[in-house]
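Every chain is named by a letter (A, B, C and D) in the order it is written, and numbering of its residues begins at 1.
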Amino acid sequence: KGFDVTKIEGLTAATFTPFASDGEVNLRVIRGYADFLLKQGVRSVFVNGTTGEGVSLTDEERKLVAEEWLKVAGKRMTVIIHVGSMSLKSTCDLAMHAEQNGAAAIGAMPPSYIKPPSLDSLVLYLQKVGEAAPNTPLFYYHIPVLTGVKFSMEDLLKAAVTDIPTLRGLKYTDEDMMEFTRCLACEKGSFPIMYGRDEQLLASLAMGGIAAVGSTYNYCGLLNNRLLKYFKEGDLKSALREQRRSDDAIMILRKYASIAGGVGAGKAILKARGFDVGPPRLPLLPLSVEDYGSLVTDLKSIGFFDWA
Amino acid sequence: KGFDVTKIEGLTAATFTPFASDGEVNLRVIRGYADFLLKQGVRSVFVNGTTGEGVSLTDEERKLVAEEWLKVAGKRMTVIIHVGSMSLKSTCDLAMHAEQNGAAAIGAMPPSYIKPPSLDSLVLYLQKVGEAAPNTPLFYYHIPVLTGVKFSMEDLLKAAVTDIPTLRGLKYTDEDMMEFTRCLACEKGSFPIMYGRDEQLLASLAMGGIAAVGSTYNYCGLLNNRLLKYFKEGDLKSALREQRRSDDAIMILRKYASIAGGVGAGKAILKARGFDVGPPRLPLLPLSVEDYGSLVTDLKSIGFFDWA
Amino acid sequence: KGFDVTKIEGLTAATFTPFASDGEVNLRVIRGYADFLLKQGVRSVFVNGTTGEGVSLTDEERKLVAEEWLKVAGKRMTVIIHVGSMSLKSTCDLAMHAEQNGAAAIGAMPPSYIKPPSLDSLVLYLQKVGEAAPNTPLFYYHIPVLTGVKFSMEDLLKAAVTDIPTLRGLKYTDEDMMEFTRCLACEKGSFPIMYGRDEQLLASLAMGGIAAVGSTYNYCGLLNNRLLKYFKEGDLKSALREQRRSDDAIMILRKYASIAGGVGAGKAILKARGFDVGPPRLPLLPLSVEDYGSLVTDLKSIGFFDWA
Amino acid sequence: KGFDVTKIEGLTAATFTPFASDGEVNLRVIRGYADFLLKQGVRSVFVNGTTGEGVSLTDEERKLVAEEWLKVAGKRMTVIIHVGSMSLKSTCDLAMHAEQNGAAAIGAMPPSYIKPPSLDSLVLYLQKVGEAAPNTPLFYYHIPVLTGVKFSMEDLLKAAVTDIPTLRGLKYTDEDMMEFTRCLACEKGSFPIMYGRDEQLLASLAMGGIAAVGSTYNYCGLLNNRLLKYFKEGDLKSALREQRRSDDAIMILRKYASIAGGVGAGKAILKARGFDVGPPRLPLLPLSVEDYGSLVTDLKSIGFFDWA
């Protein structure tokens, strides 16, 4: 595929799934969405994950969304398709589809309702996922606050060496910076670990991270790319200034997430920033017109439109 | 349909889904399974729920399992089909299918990965589920320890009166006996509440319960039916003796659940009790031959085969 | 001492500690408080526990409060002194003092900040507490929601047989009715288990309980004594009616607890019921005059003053 | 006092409290302990906190330990005395004592058993603590994983400006690097925030931190001082190498903490590193001779004695 996803660095946007006002997936918007990200210097996407309301889609819809992203991305973007679901069968089916359609990598969260009772069972589960897409790198999606599945990620990586041949890294969405840096160092650094808490991207860089994936990179791509650049240049003071701006935006995101869920609030910020992907799906709700108005006012008050 | 599910009482078995050794759904076993339950005096089933590994099945598989249960049950059993999943679309599709195939009722858990951010959003969600099966009573499946969704169930029932016309009750799987009895009393007792913690069935009866649903009624049906009878006769001492026997079995269930998950361990006990529904699906694991041997020894040690 | 606390049954009030408006312990009120309880048919008290803000008192204050209760109780009441604290030294000192002053029993919660890392360490800890009061029955105070200490209580009781000679039972404040009934049955029923969740007293009776300890028995003593009587007579319907009334009061307690903490709200209800023990201590707050007014209105709306 | 604690930077050791084999406080060891820290370049101590088993001591013992540290420190070390306990009275008494004996600052955790029901009640509580030591800077000790008290620390700092005149900063022991950096920036950076998760010290530096307090600085002082120096010089690569070594040690600490509690395991590492402060107090346990042997072997295997 030309691009080696196992050397991934920089920002990956966890994309929102566009819906029309009737609640149906709105594929036509995706091309413009890709352009919008590229203009921010964001060249990689993680599709159908938490931000993408992946589990709120049917498998058929997930495939359509995946195909569209793979089509519009072409060689301009790295496309990682999240295939995790509650059902191994569905997950394998989605994994196979992603491979057939040329995904650079797939991601998979563990089943979070009927949970793996042991690390061994998780390893077996991921092994099967890998077998369905044997030529595509697999990233395990670790987000214990949502899945309730919290095994040692170091132990998972060690087991993967022999038991999950396609596992190539993690999407690591947790605050434990010690485990994060240990995973980076694990097996002589052979696993890329994409950091997933935008709130503390800078902390992850200091701990050795070079890649990040998150929802705010949809609308704060320029800001966070500056943060990355400053860090590389050794200008930590400027990097911290950008991180704090990012956090100002995240505080507003959280405020409205309590009303509409994180995705509902995030879609509203994306709209305010200039790209409308429509409302979320139930059980999430769009912001009311009034709440959207306050959101924009709040964003202005922190200077969002000047630096985002 | 002849039977009024809103007056449901007694035991409902949360059925296991039979799998063949290749991991595929094994429909042929279901008729015998129904007979096995009826012999224990269990005349009602809750299909495709947690015990049924519902979310580990594809939607197509869920429909096949539902159809088979509805077919073999005939007029002998009350069949409640669980249609909850992570996706409203799937849930509505399953609800419609259940209604078309004559389910006595449907059950729905809330989406547990992308969670409803407010009670209002849960009400809207369930309203849509109800609209997909407008002639079928809907039971909300409350199991906060697994879903992480914990709104006041009294508030849900009150909202349902006007906003979710088909909602007729709850499958209440929690230890909070105060909320349980308040739900029973809510709206002058118009909502049946099926109690879902087999560990303390007797406590639920004292608090006003008359219906229960759980996985141990698959193999401890006789025992728990005696418990119900003793309670009705006012013989609380005998009822408590049966409850404690049931709890002895549940202690063993928990011991092996730490290895194979609750469903893996439960399937093993069912097999030991005389009916084999095969292994669970990943991420759950079957017990090893050795562990199964110890399980049987443990069951013997508590007299399980004498009183279950 | 004439009274055998190991055969304890019925209601024990977890007493509030009276404070004057200057925040100092108000010992003079205690005699009248004892009379107030006796009029409700409550003949046993648990002093300096959670409801008593025990850990908010200095050790010296705890001793004064204990002495006063032991003095005014005389032979009219059973007095259990809670001696648990964060420090084993203090706890042993308080235990010795309680024994010297004639407590019928002592209670001890585990240290909840620096927690016992294993059941073994908890057993050793309680052994030392017992050695400080070798002639006084010891009740372990299990309240995991507040202490975060949650070992198997069955295992603790089994260990106590050989390792904690003075341990005679539990104050069991949790919703797990299976563990509760197993503790009652443990070692042929030789350990009395006082149930501590007033919300579901009736459930505990069905599961074999005969003794209860809680804060609402300070002001709902008559009601809960009727509940006990009905249950003994086999009139479960009337018992449930009383339980539901009790729960109506507890819903109001919870509403105001979110403002003033559970003790602040409880003291306000006690005052409304006719006995004023003053405000709580920081970090708890008394209700404002306005909030107290609404509390009384709320209590009237459920008929509290007619049946409490 | 010459030293301005509100400009604190670098490492502060959260000291262990030395006990003799009979379990009594062993004050004589403290002078040598101070020298041991100074040799590692650690010039500041936080006494009687979690690591110091503060709440396991009686108030009288806490005062003796505080006095000894203040005496041996002289002008060589900054001494912060932790005065938090479950009781406001005790806390104020300890605060007054610390001020009278010349502490550079005091620290106070919130009461964790009877918790503040609102931020307002916490503010009032800390206000009273401050009034007991009106001339001594107060650091709030935020450690939600142990206290269960988790209010917004930004909101606390903002409230402190007007309502808690002596509050000058935080001991911040949590992984939330966004809240940490926001607290640093709060009120134009007027509050020093000491970071308390040794596992990710480097992350805190990148997020703007300059001061840290923790238990591993008792035995990994040289290592962490090198980390600080490298960071200041912009040599992030070397800083990360030291962080990962520190984390290797912390993994071993955690392994033995599951046996003896964190303090029991920490005291054993300190002993292995060359300074023996004796066993912990119940409910904590010392390592057995065998476990201590394995601990030393484990430490050797990571090169601990070469770089700590």
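Just so we're on the same page, contacts are C-beta pairs under 8 Å (C-beta built on N, C-alpha and C of every residue); 3 or more make two chains touch, one makes a residue touch a chain.
What you see is a predicted model; the values in this text were computed from it and never measured.
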item: Identity of the chain that, by mean CA position, is farthest from subunit C; value: A
item: Chain centre separation in whole Å, for subunit D relative to subunit A (CA means); value: 36
item: Subunit A-subunit C separation of Cα centroids, rounded to whole Å; value: 50
item: Per-residue overlap in subunit A, given as positions that touch at least 2 other chains; value: none
item: Chain contact graph, described as a line, ring, star, complete graph or other shape; value: ring
item: In the complex, subunit C residues that touch subunit D; value: 50, 53, 55-59, 61, 85-90, 110-118, 120-122, 124-125, 128, 146-148, 257-261, 263-264, 281-285
item: Contact footprint of subunit C on subunit B as seen in their complex; value: 175-178, 181-182, 185, 199-200, 202-208, 234, 236, 239-240, 243-244, 247, 250-251
